[in-house]
Each structure stands twice: as C-alpha cells, then as structure tokens.
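By letter and in written order, the chains are A, B, C and D; residue numbering begins at 1 in each of them.
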Amino acid sequence: MTMPLPEKNQTVTHIFLFALFVAVLPWVFGLSRATSYYTDVMVFVAIHSIIAAGLSLLLGYAGQISLGQAAFYGVGAYASGILTTRLGLSPWVGIMAGMALAAGLAYGVGLPALRLKGHYLAMATLGFGMIVYIVFNEFIGLTGGPSGFGEIPPIHFFGMEISSTLGFYYLVWTFALVVLWISLNIVHSRPGRALRAIHDSEKAAAGVGIDITRAKVQIFVVSGVFGALAGSLYAHFVTFINPPPFDIFFSIKVLMMVVIGGIGSIWGAYLGAALLTFLPEWLAFLEDFDVLAYGIILLAIVMFSPDGLVGLGSRVMGRIRNIKY
Amino acid sequence: MAALLQIKNLNKRFSGVQAIFDLSFEVTQGTITSIIGPNGAGKTTLINMISGFFRPSDGDILFNGEPLSGLKAHQVATRGIARTFQTVELFGRMTVLENVMLGCHLKSRKGLVSSAFRLPGVLREEADIKTRSLSLIETVGIAEYASMKAANLPLGEQKLLEVARALAGEPRLLLLDEPAAGLNEVETQKAAEMIMGLGERGVTVILVEHDMKIVMSISEKILVLNHGAKIAEGPPASIRRDPGVIKAYLGDEESYS
Amino acid sequence: MDSISLGSQVVQYIFTGLTVGAIYALVALGFNIIYNVTEVINFAQGEFVVWGGLILAVLAESLGIPLFFSFFISVGLVSLVGTVIYWTGIRPLRQPTILTMIMATIAISIILKGLAMFIWGKDPYAVQPFVEAPPVTLWGAYIQAQTFWVLGISVALVVALTLFYQHTLTGKAMRACADNPGAAGLVGISSGRMILFSFALSAALGAVGGAIITPITLMEYDRGAMLALKGFGAAILGGLGNFYGAVAAGFLLGLLESFATGFISSSYKDAIALIVLLGVLFARPQGLMGSSLQGDE
Amino acid sequence: MKRIGFVLAMVGVCAVTLLGSAQAADKEPYRIGALFAVTGPASFLGEPERNTAEMVKDMINASGGINGHPIELFVYDTEANATKTVVAAKKLINRDRVLAIIGPSTSGTSMAVVPIVNKAEVPMISCGASLKIGAPVEKRKWVFKVVPGDDLAVRLMYDYMKKQGIKKAAIMSVSTGYGISGRGQLNKLAPEYGIEIVADETYGPKESDLTAQLTKIRGTGADAIINWSIGPPQVVVTRNWKQLGIPIPLYQSYGFGSKRNIKLAGGAAEGVICPVSRIVIANRLPDEDPHSPVVKRYKALYEEKFKGEVSVFGGHAWDAMFQLAAALKAVGPDRARIRDYLETLQGFVGNNSIFNRSPTDHVGLGKDAYVMVVVKDGDWAILE
C-alpha cells in the first residue's frame, strides 16, 4: 500500500465532495418509497463509520488489533444514557463524559495491554470487551441490566430538538465527516507517520526516537474516544439501550468493517461500515439463509480482494485506465 | 577535547555467555572511531547497548557526562544518539522521503491533538520537515528515488537511506553498523566518502565495519574487540602493527595491506 | 431441607471444573494444532465441536446407529469438514496474511453456523450418556458417569497427540513447522499438506469434544462462538502453540469458573476468569512474546 | 374420528382458499408489519411467532380476507438486536407503509421501538413480556401487549409453593432479558408469600454445566429450587438436579412448557413443577374452559402445518394477529381508529387470557394466564 502524502487541499476537497454526496443522499433515497428507509440505515452507517475509523487508525496504521471496541461503544452509550436520564444533564455533557470515560479506560487498559503482541493483544482486548459487557449486564442498578432502559432524550442543537431521522442524519454525518477529517489529518501528519513507522519496524521506530508505547496508547485512546462518540450518538438516536448491541460480536463486526473496507485506509473503514451495514438489508429477502449468504460474501471478499474494497476499487480503476490508453 | 561518550567497565551476559567483558573506552567529540573484530566479538551487542536496545548487565555508559543506563531506545535517541542497523531496518512500506521525514521525528514537535485538528503551524512544520528531508536525500545522493517505496530500493541505496534518516535527527553521535556490508566497490567508495563528510560536519561517528580499506582510511581511532574484550585501541597506524591484533584477527585477513 | 458439607462442595466444584475445562482444553488444543503450522487462530474451531455433537445426535439418536460407530463416523465426518474448509476457504486465499486468514476463518464460522441452522434447526439435541450408569458418590459429591468419559477421553487424546508428535513422521514434520513458525511459510507443497492435515486433525479433535460433551450439555447450532472464545482464552493462557500449556490452562479456566461460581458469584464467574487471564497476560515477562526492544534477545 | 375431522377441515380450507383468493384479489390489501427474532438468541420466540403469523394470514386470506381485503404481511428478522429492530421498524413504517406492527418478540427490542411507533403514530402489539412495555399508558399511546407479565406466573407459582409449606427458596436464572425479568419478580414478590430467598444464582445462556450452582444451593438449606430460564440450560439444570440426587423439588419457569424439554431431559424431568400456558395442556383442558376452543384450534392447525410442537410463544402472535384482524374488520385501514379499537377491546378470548383493555390499561390480561403442572410419566399432569 503506497501512502502518498496528499496536499492539504486534496484531502479537504475529497471530504467536501463526499459531504455533498452525503447531503443529497436522503433526497435521492426519498425519490422511491423502496429506498426511503435507507436514510435510517445511513444513520447507522455513520455511527459504524465513526467507530470503524478509530479501529482503522489503530489496526491499519499502528498495526495493533483490538477486539474490544464494542466496549467503548457501550461506554459512550451508557454514559450518555445514564447521565441524561438519571441526572437530567444535557446530551452534550453525556457525549463529552462518555468520551472522557472511554479515554480513561483506553489509557488504563492500553498501557499494559499494548505491550502484548498479535494474538495475545487480541485476547487481552477481547477479555476487556467481555468484562465491560458483563458489567453492563450485571450492574443492574446503574445500567438496567439485560432489560436496559429507555427514554433517553434527543440532542438539542442551538435550541433545536433533533429527533427526526433527517435531522439526526445530518447531525451524525457531520460528526462522521469531522471524524474522517481528524483521522485523515492524523494519518497525514507527524503522529500518523510515526504510527505507520511502528507498524513497519518497531526497532527502527525506536531508533528514530519514537516512543512506541506512548504512540500506541495514544491512538488506542483516540479509537476509544471515537467508539464512545459513536455509542453516545447511538443512544440518542435509538433512545433505548440494552447490552446486546455492545457485545463482542459487534467488536468482531467492526474489525470486519475495517478489513473488508481495506486495511490501512480510513476511507476503506467508511466503505466497509457502509457495506456491512447495508448487506443484511439487501440479504433480508433470503430470510433464514441470510446468515449463510453473509458469510459467503465476506469470505469471497477476503479471498478475491485481500486488500478489501479499496484495493478492489483501485484495481478496477487501474484496469479501466489501461483500456483507455 | 572532552569525551562525548565514555564506556566504563561494561559487561553483558546472555544467559551465561559473556558477550562483552569489562570494556572501557572513550570517544572524542567530532571524531570517527571504528570498532573491529572477528564475527561474534560483540560489536553489534555494544552498539545495541549504547543505543538503548539492550540493557548492560553492569557497567556505565556516559554520554556527554550523563549516564544512559535505564533509558529506553527512544529516550537514548532523544539524547542525540542515532544509529543504523546491520540488517537494514527501514520503514519498507513508506516512501524514501517519508523514511527521512520520520528521521526528523525528534526535531519536530506537533503532537496528536494539534495534528488532528490542523492547528496553526502544523502545515508549516510539515513543509519544513519535507524541505529538510529532501535536502538530506540529496546529500546522500538518492534524490531520484524520493517517492519510491523504501523496500524497493537497491541494497546500497537502502543503506544510504538509513544514514540519511539517522542524520535527519541531527544527532551528536551516529552509530553505523556495517554500512558497507553487501555493497560493491563503487558503492563502498561512495559510502566511505559520505562518512568522511559526516566527520567534517562535526558529527561524531562510531563505525562497525569489516571492510578494512574503509576502516583504515577514515578512522581516527580503532578499537579492536575479541570475545567481548578489548585487545587493542589506537590510531590506524598502531593497530596495523599491533601483534596481538594481527594474531587474533588480521592474521588470516589476506586482503589487508 | 437439603445440605452438603463444604468438603463435598469442593469435590463437586473440582469435578464440574474439570469437565468444563476438558472441553476448553480440547478446543485450545485444536487452536494450537493449526496455529503451530500457520500462525493463525482458526475462529471456526468452536463450530467443529457443534458439528461433532450434532452429527453424533443424528446418527445415534435419530438413525439408531450404535454409539461406538456413531462416535467415529461423526469424528470422521467433521474431520472431512475441516478438510473441505481448508480446500475451499483457506487454500484459495491470495497473499494470505495472518489478518486475512483470521477474517476467512471468521467468515467460515459464520457459514458453518448458518449451515448447521439450516440442517439441524434451532432446537437443541440430546445424546444418551455413553454408558447408562448411576452417578458415582465421592466424598459426598455426585459425579455423573459421563464425566469420567469426558476426562478419560481427553487425557487419552493428549497422550495420543504427544505420541503422534514425537514418534510419527507426519507429527515430526508438523513439529518442525512449530519449531520454526513462519520460516516454513504458507507456500510450498509440503507445508500446504501440513496445513491441510492440521485442519483435519483439529476438526477431529473438536468433534471429539462435541461428541463427549453433548450427553452432558445438549448441543445446538449457535454454541460454537462461545466455545471458541473460551478455548481461545485457554490457548492464550497456556501460551500459543504449547500443547501442555493449553491443557493445563483449559482445566484451570474450568476450575476457576466453577470455584468462582461456588464461592463468589455465578454472575461474575466469567469476569473473574477473564480478570485472572488478563492478569497473567499483563504480568507475563516481556521476553516471550513481548517487545523485542527491551528483551535480552 | 379426529383424523376425519382434519381431512374435512383441510378440504374446507382448500376450497375456501380457491374461493377466497378469487374474492380477495380485487381489493387493496391491508398491510401489516411484524418484527420477530426469527434467528439469534431469542429464536425460540421469533420462529413460532413468525410461523403462526404467516399461518393466520393465510387462514384469513383463504377465507376471503377482511371485508374482502387480503392481508399482506411484512415480516423482518430482528435477531433480538435493538439496532436491527429499529431499522426494521423504520422500514415497515416508511417503506412498507404498514397499518400496524406485531412484535417485536423480546422486551428489549420492544422498548427500542416504542418511541418510533409513538412518533410515527402506528399501532403496535408487542409480543414482549416486560410490564414496562405497556405502562405508563401516557407514554405508550400506540403500544399494546398480549403477553402475560412474569408476575402472574410467579404469583401462581408462589401460591402453590406456599401451600406446599415451602419457606426457603433458591433462585437460579439465566442472564438474559427473560431470566432477569423473572428473577426480578421472584425476588420482589417472595416476601408477600412468606418465602425467603436463600440463594440467587445466575448463569449464561450457553452454560454447559450447572452442577456448581446447584451444589452451592445445596449448602444453603433451601426447601425448593426455582429455575427461570429458557432453552438448553433448563434441561441441563433438570438433568444436573437428578444426577446430584438433590432431594428438594425443582420449579421451572413457564418456558419449560414444551414436551421437547421433557424428552431432552431423558427421564430427569419427572417431578419438575412449573406454571404453563394452556396451549401446553390443550388436550386436557375441560370444555367449559373459555379458552378451550381457541387453544385447541390453534394447536391443531399449527401442528398440522409445521409438523412440530406448538409453543406458548407462537400463541402470542396468534392473539396479536386476531386482535388486529378484529380491529381492521371493525374500523378499516385507519391507524388512529385501529389504535382506538385496540384500546377499548373487550372480551377478546386469546390463548392465555381474556383481554379487557381500557385507556388506562394497554395490556388488559386476566390473572389466570397459567396453570400449575407437574411432570409425571413423561407428560404434564395438572396440579390441584
């Protein structure tokens, strides 16, 4: 994977074009009744993209695996939900608190865990995710246990209540685009370069003075913060939370989003999130066979395009270009 | 002149095997010092200890009068010690330019938050790093490869790139671990000239090298190790005549003259 | 009114822990067999257990084939499934990196689960114990007869595996891969055959686990993921690639869970086992798998 | 006799199908949405519910639809996952433009959909059990419920236990919504019946062995064990209870009410006491029981069509479908009027209960949803 350093303007242009595309999408969906609910699906695409962007930074750039991202997602959701419903605080406070709590957790877990390598790191983060899930289930007084709790208030934005799907769509995509911008900035700058360096050679990275532990923990914290943000947005959109959406299988799903989208590409994470969120909708007509088809499609992508959708796309583009000349 | 690096009674044992035995020596600021010795003499182990990759079993390493003991590799780098690796360690999936820009890591400041939000100054610093890196690439003579992936470079250029990357951190002490190994005649000559140039720029160099032509022609001082212990130390002329050295090491070295 | 002495409770917890732990150990061994050859964690490992149990249930209960034969047919069939998985899901991978192989095994586990749901439906299946016998009383604790089968077969398998790795040509070849992981690489005919064999063997091992545990626990299509996770925990705790470590860690996890249930709280038994696991991981000296930067080489 | 009846019924159904399809085809179909956990951890609920809803739809369409309008049923699998359920609910409302929604299957997913249907003003009949789904009514304007709450089952069970002189009980429950709901009621209501809870153990839905929990309970001097779970663990606990030779009785939740569980337990289930829904003991219901015709009809139709045992959960979908059909028949395709009809539904005989709703009670269930039974000779025997 080559990683050319795009000029600043290029990144901003790309994001701007993408933002335009996202902005008109609901109106395109609205043209047909069959696709009108895709706006709702796209809300989840945005939420999933935010959490996948965090893992993409960690896995695709720093080369560190995490199977515990759902824990941060849940921490954000529960922090938002509990603070707004129990204490009547503003959702914005809930979002900030969720991110702060996730950052603290990521720091506390990352410091010992990120010294581990490969499968051991996978197990450590998996274990962390499972423990947090048990907490969601068992701290019934706080979390409502398996039954969860509802009536989480919607977000207010300059006095405007954002409770319609379309309103939330623009809000959540604004967040997703800011996260995209931040992630690309990190990737194309000194700290991002340091992360990729660690991925390539830890020895050489230490040799040029990169504090490897610090860099890894830092980016783990960033991924945790993104996860918590996604979780808070989820809580305020759905307005009800219980533990299952935050189980370890969601962590694995986020991992699949990143890998299927194209590892080492933030855009890939967004693409992967979109595909894995839409795929079940497209496969719903298969009824009980959808799981089977889902697995087969995933396997096919891994098999025929190991560098994910981004790799597939660039190969297709390359072929088209070859035809032209 | 004051000693930039002082090694005092240094020992290193690997599960019972003594790799470095009671070694002491000094390196003067602005000089080129070579460390030679047969395979397994402990040369690379010594480099690894100076650069913080290994911890000494006992003994002291003083840099600029301050002990380096207990520092991790990246902290040693922060003090102004850069190194290259015997088996080239590049960031293979990144471009030549990016590799050198990474070398500037210590000479740049912008952290995660300011970078993430593109706070003022980030782009300027990035541009500065780029300019400096490009000029370094030119200095070592691999400018035409700037946008090539490091892993795809020929070996000679990879070695030069490693030096450029090390220099980017503006080190006071540069540790070169066999920079000429695997290079052909022409490349070796090029490397030797470049190392000489470093000395002239005021960078202190410690060189581990098997190629005696280079060692003899550019070193101001030579340290000879055998089985982890120092057997001789001095200017090339005296080492050339040292009977102990000839016996232990140079005796079978036909190419030497 | 019913009561039981503390001593009897402890004995009961030990046997419960060992029974559950035996399954974790078998799954962990399955992980290791494939890991040693490919450096990959096969997340479909839990599905082999499920298939082993379900096929046995169909053969022995529905078709009425004697249990002894059903057992071996089931193990053979699942081992065939392992082979098919290798041929269709692992071998065709282009530029296989560890991550893509892991993704592939996750996708395969989804497919196997979907197939199991399609073939057997969602209801659980039961198998009669291998031998109908009343529970054994031991210091006031009741141990069901099947527990001894589980423990006996598990131990026999570990012994057989050890002999296999030490005394057969194939075993030695696989051990060579284990001694020098990565160096053997993922290409080349002989290592391809080793990978194929490792899939078949670990599938067979999983099937045995499923077959011996189903008389105790029932079996249904979606149990695989949880088994895989527990087994993964055991494999990691024991040290990846280390067979004795896996067995010891499997039993240890089982015992931890059962004692945590008995003396602390069943709600937190998994959390307690995980905290111990993480504690061991964090305390593990860096030398083995930790950072090569600070290590003594 | 019975068989001939069946054959006649089938012939009748076929004839009506032919006639009905011709009749119903010329009118605009009534669109109904359904959210069931067909796969995933709560498939034991969703699968029979889906089957039943489809079956009822076919029955109604075969008999000429509702006032000549056929029913079009849109079923989506929620996998018991709130995220999926929310998307599916939006899909039903925005794309499929359904008149009303049946389901979701679980309490958690039902709670996730409550704000959506309230906002979109679409009537919903949940198949979840939690009391919170139907109350408070001010916040549940468009939400109704057909499943009896766990409190009814717990009260019936405690009542029986009290008569048996049980003073100390040990609870075991599965750590899912089903188990936690029952566990909550068990703990809450115990003092009312003078029962002391001496142990409160939980376990995961994929637990393979429960002897540790049972052993711990043995040390507490309990007079009875109450297990509240569904799926394999309730069979495992039954077997473990027998194997350990525990001399105190084992009570199970109404989820145990399936012949399959008795069979899977392989003889160990003898003596297990549990509350069950009438559908489980349909064959033994006296004719004077007002539920008898509904229950017997449903059981016969379901078991004929799906070749499997009818379950208490499918009955919820049956009740919900017929309530909706009644509403549509009375008021036509108008969401607000359907809601009003459902809110004032009176004397509707369902599988579990006779529904009498009001603007202050969106559940409207009677107190006699369950019957206590004991397993005897591999079958259910009604107690008392």
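As a working rule, contacts are C-beta pairs under 8 Å (C-beta built on N, C-alpha and C of every residue); 3 or more make two chains touch, one makes a residue touch a chain.
Protein identities per chain, from UniProt: A, C = Branched-chain amino acid ABC transporter permease; B = ABC transporter ATP-binding protein; D = ABC transporter substrate-binding protein.
For clarity, every value in this text was computed on a predicted model and none was experimentally measured.
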Relative to subunit D, chain with the most remote C-alpha centre: B
Chain nearest the overall C-alpha centroid of the shown protein atoms: A
Whole-Å gap between the CA centroids of subunit A and subunit C: 32
Distance from subunit C to subunit B - Cα centre to Cα centre, in angstrom: 49
Centre distance in Å when subunit A and subunit B are each reduced to the mean of their C-alpha atoms: 42
Cα-centroid distance, subunit C relative to subunit D, in whole angstrom: 36
Set of subunit C residues in contact with two or more other chains: 117, 267, 270, 293
Residues within subunit B bordering two or more other chains: 53, 72-73
Subunit D residues counted as touching two or more neighbouring chains: 39, 41, 175
Contact footprint of subunit D on subunit C as seen in their complex: 1-4, 6, 8-9, 12-13, 15-17, 19-20, 23, 117, 122-126, 128, 135, 141-142, 144, 213, 216-218, 220, 222-223, 226, 257-259, 261-262, 266-267, 270
Residue ranges of subunit A touching subunit D (in the complex, touch as defined): 33-37, 40-41, 44, 137-138, 140, 145-148, 150-151, 163, 165, 234, 238-242, 244-245, 280-281, 284, 287-288, 290-291
Touching residues on subunit D, where the partner in the complex is subunit C: 39, 41, 43-44, 47, 175, 201-204, 206, 208-209, 211-213, 215-216, 218-219, 221-223, 231-232, 235-236, 239, 243-248, 260, 263-264, 266
Subunit A-touching residues of subunit B, taken from the complex the two chains share: 51-53, 72-75, 77-78, 82-83, 85, 89-95, 98, 101-103, 105-106, 108, 110-112, 115-118, 122-123, 125-126, 129, 147, 149, 165-166, 168-169
Residues of subunit C that touch subunit A when the two form their complex: 35, 41, 89, 92-100, 103-104, 106-111, 113-115, 117-118, 225, 229, 232-233, 236, 240, 267-268, 270-271, 274-275, 277-278, 281-282, 286, 289-293
